[in-house]
Amino acid sequence: MTRLVPHPVLSASLVLLWLMLTRFSLGYLILGTALSLVAGWAYSALHPAKPRVRRWRVIPRLVATLLWDIILSNINVARLLLTEGRGTRRSAFMQVPLKITDENALAVLAIILTATPGTAWLEYVADTGTLVLHIFDATQADHYRDVIGKTYEPMLMEIFE
Amino acid sequence: MAEHNLFLLLACLPFATSLILLTLPQGARGASSWLSALSMAGGLAVLFAFLPEIQAGNVLRARLEWVPSLGMNMALRMDGFAWLFATLVLSIGLLVVIYARYYMGRNDSLPRFYALLLAFTGAMQGILISGNVLVMVVFWELTSFMSFLLIGFWHQGAAARDGARTALIITALGGLCLLVAMLMLGHAAGSYDLGMILRAGEKIRAHSLYGPMLALFLMGAFTKSAQFPFHFWLPGAMAAPTPVSAFLHSATMVKAGVFLLVRFAPVLGGTEAWFFAVTGAGCVTLVLGAVVALYRHDLKGLLAYSTISHLGLITALAGIGGRVALLAAIFHICNHAVFKASLFMAAGIIDHETGTRDMRRLSGLFRPMPYTATLAIVAAAAMAGVPLLNGFLSKEMFFAEAVDWHNGTWLDDALPYFAIVGSSLSVAYSLRFIATVFFGPQATDLPKPPHEPPAWMRRPVELLVLICLLVGIFPALTLGPIINTAARSVAGADMPYYKIAVWHGVNAPLMMSLAALGVGTLIYALSAKSISDGPEGPFLLHRIRGQRVYDWLLFRLTWRLPRLALRWLSTEALQPQLRLLVLTAIAVACGALWGALSFASDLRLHAPNPGFGLLWLVGAACAIGAAWQAKYHRFAALVLLGGAGVVTCLTFAWFSSPDLALTQLLVEVATTVLLLLGLRWLPKRRSEIAEDKLLPAKVRRARDLVIAVIGGLGIASIAFAMMTRPLISNLGDWFLGNAYYEGGGTNVVNVILVDFRAFDTFGEIAVLAIVGLTVYALLRRFRPAPESVEAPDQQTLADSPSLDDYLYVPSVVMVWMFPVLIMVAGYFFFRGHDLPGGGFAAGVTLAIAFLVQYIGTNVRWVESRITVLPIRWMGIGLLVSVATGMGAWLFGYPFLTAHARYVHIPLVGEVPAATALLFDIGVFATVVGAVVLMLVAIAHQSLRASRRREMDEAAAARKEVA
Amino acid sequence: MSPLQAVPLFIAIPVAIMVVLGSTLTLIGALGFARLTSFYDRLHAPTLATSWGTGGIIIASALMFSVIEGRAVIHEFVIGLCIVVTTPVTLMMLARAALQRDRAERSPVLPEDMQLRPQHPEPPAQG
Amino acid sequence: MSATILTIALGYAQVALALAGCLAGTRLLRGPRAQDRVLALDALYVSIMLLFLVTGMQLGTAFFFEAATVIAIMGFVTSVALAKFLFRGEVIE
Amino acid sequence: MEIILSAAIGILSASGIWLVLRPRSFQVVIGLCLLSYAVNLFIFSMGRLTPGAPPIMPKGGFIDPTLYADPLPQALVLTAIVISFATTALFLVVMIVSRGLTGTDHVDGKERSQ
Amino acid sequence: MISEHMIIAPILIPFVTGALMLLYDDRQQREAKFWLSIVSTAAQLLIAVELVVRAKTGGDISDAEGISFYLLGDWAAPYGIVLVLDRLAAMMLVLTALLAIPSLVYAHAAWDRQGPHYYSLFQFLLMGLNGAFLTGDVFNLFVFFEILLAASYGLLLHGSGQLRVRAGMHYIAINLAASLLFLIGVSLIYGVTGTLNMAHLANLIAQVSVEDRPLLHAGVAILAVAFLVKAGSWPLSFWLPTAYMAAAAPVGAMFAIMTKVGVYAILRLSMLLFGETGGASTGFGASVLIVLGMATVLFGLLGVLSSQGLGRMAAHSVLISSGTVLGITGFALAGGGPAMLSGALYYLIGSVLAAGALFLLIEPMNREDGGIAAMLALTADAYGLDDTDLDEVPDAGLDIPAMTVLSICFALCVLMLAGLPPLPGFIGKLAMVQALIAQTALPAGLAWAFIVLLIVSGFATLIGMARIGIQTFWASDIALPRVLALEITPVIGLLVILALTSLKAEAMLRYTTGTARALHDTEAYAYGVFATPRVADRSEDPAP
């Protein structure tokens, strides 16, 4: 079974992706399953180790938090952009030491921070575990430090480690 | 019939012998000379077998079809004239063969020499006996070519090479002129058959092309017979081995020219133009040749110019063209051949035995070589026209013609004077030859001590001198009948018999002969000293030598001028060529459209969409920006190109072409990455090019800008004119109507690509595969610029993070994308027939999937995990597509006939199953292979460079340790 | 008949709102992108388009086509998903490239503490 | 009614997105640095992808979807390659 | 729309032509790319413009071809895109190889002589 | 059944061979690849000969006066792509195969080791050439042009090296630009007429409206520019000598026919579209072709005279022959009658073979010491990372009197190219000149100018080649080069073919005359395509 479907979660998501792209029918399902198996093998050739996801139930919480954050920061940044003429805004660089080291978790964090307007991931220095961010509004530095350190990082650690 | 075959044998014998000779080993001297001599003798035997027929006035014919539709057949024809001439050629040829056996040195390859000689003989004989004027030209050119090889036989010497080349160029040029002349003749006469042409004289002379025809004909004849001003190749030709000279100067080559003049005199002659041109040239040549001959110090040079002079005489006779004149011409041809051959052989003996031909060094040879001297003296006397020798007789006839024949022109009146002057000079140079070489004090400083040659080297000369005497004393008994037969065959069968006699009584010609002898002796006596001390040529005249004029002209015309012209007319630089291409395209389009381009009366316009317009503002700005930046900011240009590209995609999508938008986008991605991969190997331009700011560069740019604007305007207006034209019914309509019913797919574009016009796609994947292979092959031999061998600047920064560090997080996502992109590729592949997508799109997608892995990690990482064998993919893809196409054969259908049907599968339902899908798999595999191959081949260069660096470092480290 | 007419009003209104929201956010982002003065500031602007700009429009599209075709059309979400997953890769790679170039040039855009890479607290001793 | 609302909304969206594309385009042309151009190209890609979706809605066809998907899935490849080139001086090593 | 598109074709071609006439090989590559965009659009426009009606047919029923975009130019452009992609790649490789061998990126392999 | 599909075999055989060889290892199985190529090319030759016979006598599938048609995908014309086999196409197929076999054998002496996948590229080149000769569809012609061009790029660059790469860059750049023009032309034609099928075009052309005709003419004229580039017409041919000279010898030999593809396309399309049935377009472009042809001959002539090396000279002589045929095409288009075209076609055969032979002679004639191994080493891997390809230094040398054989071969090539008897060059020129003299439809001055140019160009070739020949064979005192049997046999083979061409001139001229007549009489072609039934329709009919 593991040889045939080395990454069951991945394959399942791929089938889902396939069905989203096409329309649901038995034929498409079979075709999609076949293809996802091939894709799964291809992936496992590159990455034989399975990323371990420990707690599934954290994921919905993460997604919900994220969506809400995205909405808020969209409004925030749009407002700043439109009113920037007044010249009160300052942007800033900030360094955040990260506890997580799992690369998948880091990737998810990158996705989260990028999807949230107002924060830009500049660099992650692997040997120090430091993340350098650029934030659009310097006044929010502490807020972001909190959000990363207290909200997202624990959740990601729960999921991946 | 036997006669016919004999005739063919005669024509082929020399060539066949030549081929056999070529296969003989170098050292086969005896065998080769025997074989050659037998061949010549065999030819003579055949000729003598024909004698009765010829004497009876019959014309022998033989015929082999070659290219009848062009009127060119191997027609052979022999009449008296041809017979006489052929006999002359073969007999002198036989003597030359014997002579050469002893003359040619140990190091010379006799078989090769004889092979050339026989091929030349065959060609010469071919001219004489061909019954078709085109075939005559064929042999004519062949003599030019063979004589080229013979003259250049001793090609180690520059003189031989130059002489050979000059001879070839002059006579081949003449040959080409002759060809055109013959074509005109044939056109005028309605046939290329010699007999027909000879009978069509009046028609030809009345033809509108007579003028050019005559001019070209004479070009041919004069160049070959070394008439002024084409005479200079002949002296140059004496660089040939003496047997060759003897042959060329006596019976062959130059005689071909006069043969032609005599042969065609009744056809083309009889007009004033002919007379002036031919006799005029003849007279000038007669005198000029004689003058120069007198001044030559080289023995063979003297003889060569004497030949020119005598040929002038014959030419002058041919120009007169009367019956007697023709007879005289024929007679002199024979006489000259005999004495000139013997003289050349004698000169050869002298050269051979003394080691020099310089008359200033030769002296008093009568004592050491009395036989040879006697022979040479008799022959020279014949040349001088001393009575009782053959030369006297024909010269006498020339004098008679000069005096008796009239056509009332000034040239006619001048003829006797030319004759006297020419003859006197002839006497003078003959005397000089005899006096300086054989008499006087015996030379002591000769390279070799002189003595008599081997007997067999002298035999041919003896025989020839004997003939001189026999003919000179008993002309009517010896040559009389056959000369008459020959003349009759040229001038007409009704020509009365002309009796050649030694004694005609005391008349004007005799007086002229005596005068010439006297004056000639006087000239020599007066000038002997000054000549031998002076330069090799008459006063002042030696400075303007034909050879030098020719060299000057040849150099200018065939080297300097073409090079100059080419420098103006062509270029090796790319830019002007592309400019010309663009300008040509603009020019032809303007030529077709100027004043004619009209727009439809009812323009088919769609209301402009602001969004579309806005984005094209960006697109256009990007295009112009890319054009602006491409020189110094390549990266910016690349990005701007991407901008223009994406707006192009938008256009495709906007105007209902999802397939195109999709494909263009995919290709766009691949192209950008490709260009970037290439950019790695283009080192930065360190300094701007100073010249760029100067005026010429600005002018160039302005000019190109104008061209570009015109081109852009042109193509835009054509596009506008077409787009706004009303719809017409076209192939597209049929495809729309039939894609589903006939092709079994709803995406018409895809059905076109994999079914209706699958053959295009079939070719297209071949192109991809070929380019993939080429890129791969080229990069196997890639040597980067020295500046770019090192790692790029970015990687050598002090504070530069490693690649792994840089890609630590991004690579995760990029590896995630691998299976996703595989799914997407599958998605595009399977829906292609009904919806946008297809094998190509899928293939590029999969290739990009691989590419992303290479970008996201590194080559070694990827290749240690997955092995892609792109060339295999390509091979298999191509084979799958071709096999699908050929599958149709099994059912009796043509290549690429698609079959589509719906297959019912339980639970799943109707599933489309089309062979087109199979074909698309081939496309898919090929595309994957080709795109991956190209990308990976370039990408590997970085790896190779870094491997090289590592090796160097390791080597350096080892060195340090050691 | 235009396919738009087949959309009932109660769907049309949210669709319209989402479309306007999405495109407006995108426009604002672009406006900022064109006007902001520093590269690092500009880095933020496109994320408006890739987050709710895209989100609004794909939701509207999915909604509308689901109604028109009478079935759940969700393939738009593939687009959303892909944008969300791939944008960070672009931005972080680009940002780091910019950072490196600015550091190499000692650009004044970067504050003093950004001129060097964050160092390891205790540099590993040379073995 | 719904057609009117949608037509207006979609028409507005089209122009807004095109304008967004235009603004990205100005950055693309102006730079000043290479990274700005890459970012601008990426923004242009996104604007055009959204324009595809909106135009598809306007015309009621799904045929713009493939092109939009390609941009969404593969547009980043171009940008990533360009970015990596800026960072490392080569794309694949 | 026709005016916009023909202007676009014109500008792309003009930029392309200008670049193709430049001396640096990279300029020529970019020029060829721009020209191939222009030519692809040109081919495409030969089928006249039809917005919003891709040549994707319903399964069955009568079809009025005037309502759909002409599929043939599209198919031709597809082939042309593929071929020009391949040849651009080739030219690019030749360009870098030439740069390596000749030491200059001038298209003639040597700088213009003074 | 096999004979039905014979028409497409010249395209498929090289394709399959080329693709199959991609699955072979390039180094270990080179010998096998060589033999596979030989077998494939020999098969192409046999089939081409069979096709000539068919074209002469009329095919058995559908017979329109010797023209056979092959409906690809079983789609009726003009909707699908159709292959057309007529006398001209068949002749060109034979010519291609005749040139290919010697070139292949020659390449095996050493050149195939200079780089990877030589044989595949070679087969693809043949595929492109054969396809271009066979196709009856304008766009498909583009595709085949691209195939043959792509393959020729690969072959030209084969072995790399500075000279080749520089020449290759020019060659590619110009041909890419020309390909774009090709596309513009084809699409304009489609825009105006709505078709891509040549026969269909021929039928439609008379009915094109007055307003549309200029656009059509513009399209065809732009298309013609693309062809003229390939044909090497002045002023679009400056790239050609350098490119041909730079190519490896066996590739140069194949290039001898490449220009003729351009000429072929011009001949085919102009006769079909602007022949007597062209309506208001009859004779379009004739004068331009004549002038360009003459300019090309003149250019080639100047080039031959001013070349220092044999390679450049050979390339210019290719231009001369190309210009000659172009000019005659113009004359034929202007109403000069089929006779001169027949001569030109015959001349084309001879000049292609001779130029091929000459290209094969260049390298052995100029070989300095060091021989082939040195040549290979020159192009070896730059990094020394890959295993070298010098695993098998060729050693098939025969001790032949190299100079003699080489000089005889060279002399024969010169005779042919200079138009001297008795080789086909002479006969071909003779035929052309005869017809030019005899024609009445054209201004005599132009015809005479052309005749003079023909003669002068031959003469110039003689002068130039004699110069080189004398230098090489007579004036140099270097030791005899070592020539391999594999190198000299192909040359001799080509020359034997030339001799046969001359010997069988009558039969060949009969064939070319038929070809020229068929080109003038477009009806059989233009309507024959439409009369060809689909297999599907045939099977529906009750079988007779």
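As written, the chains take the letters A, B, C, D, E and F, and residue 1 is the first residue of each chain.
As a convention for this text, contacts are C-beta pairs under 8 Å (C-beta built on N, C-alpha and C of every residue); 3 or more make two chains touch, one makes a residue touch a chain.
Labels paired with UniProt names: A = Na+/H+ antiporter subunit E; B = Monovalent cation/H+ antiporter subunit A; C = Monovalent cation/H(+) antiporter subunit G; D = K+/H+ antiporter subunit F; E = Na+/H+ antiporter subunit C; F = Monovalent cation/H+ antiporter subunit D.
Nothing here was measured: the structure is a model prediction, and the numbers come from that model.
Where touching is counted per the definition, the chains common to chain C and chain F are B. Considering the contact criterion stated above, the chains in touch with chain A (Na+/H+ antiporter subunit E) and with chain B alike are C.
Of all chains, A has its CA centroid at the greatest distance from the CA centroid of chain B. Interface comparison, D-E against A-C: more C-beta pairs in contact at A-C. Chain C and chain E (Na+/H+ antiporter subunit C) have Cα centroids separated by 31 Å. Chain B and chain E (Na+/H+ antiporter subunit C) have Cα centroids separated by 40 Å. Between the Cα centres of chain B and chain F there is a gap of 18 Å. Chain contacts: chain F has residues 139, 143, 146, 150, 153, 157, 160-161, 165, 169-170, 173, 177, 184, 188, 190-191, 196 touching two or more partner chains. Multi-chain contact residues of chain A (Na+/H+ antiporter subunit E), defined as those touching 2 or more other chains: 17, 21-22, 107, 110-111, 121, 123-125, 127.
Among all residues of chain B, those that touch two or more other chains are 572, 574, 578, 582, 609, 612, 638, 647, 654, 656, 658, 679, 715, 722, 725, 729-732, 735, 757, 760, 764, 767, 771, 774, 778, 781-783, 794, 801, 806, 809-810, 813-814, 816-817, 820, 824, 835-836. Contacts between chains, counted with the stated touch criterion, involve the pairs A-B, A-C, B-C, B-D, B-E, B-F, C-D, D-E, E-F. On chain B, the positions that touch chain A (Na+/H+ antiporter subunit E) within their shared complex are 801, 804-805, 808-809, 811-813, 815-816, 818-820, 822-824, 826-827, 830-831, 853, 862, 865-866, 905, 907-909, 911.
By the touch criterion given at the top, residues 794, 797, 799-801, 806, 809-810, 813-814, 816-817, 820 of chain B touch chain C in their complex.
By the touch criterion given at the top, residues 572-575, 578-579, 582, 603-609, 612-613, 616, 619-620, 623-624, 626-627, 630-631, 634, 637-638, 641, 644-645, 647-648, 651-652, 654-660, 663-664, 667, 670-671, 674-675, 678-679, 681-683, 685, 689, 691, 704-705, 707-709, 711-713, 715-717, 719-720, 722-725, 727, 729-733, 735-737, 739-740, 746-749, 752-753, 757, 760-761, 764, 767-768, 771-772, 774-775, 778-779, 781-786, 788, 834-836, 840, 930, 934, 937-938 of chain B touch chain E (Na+/H+ antiporter subunit C) in their complex. Those residues of chain D (K+/H+ antiporter subunit F) whose C-beta lies close enough to touch chain C in the complex are 1-3, 5-10, 12-14, 16-17, 19-24, 26-27, 33, 35-36, 38-40, 42-43, 46-47, 49-50, 53-54, 56-62, 65, 68-69, 72-73, 75-76, 79-80, 82-84, 86-87. The part of chain D (K+/H+ antiporter subunit F) that touches chain E (Na+/H+ antiporter subunit C) in the complex is made up of residues 59, 61, 63.
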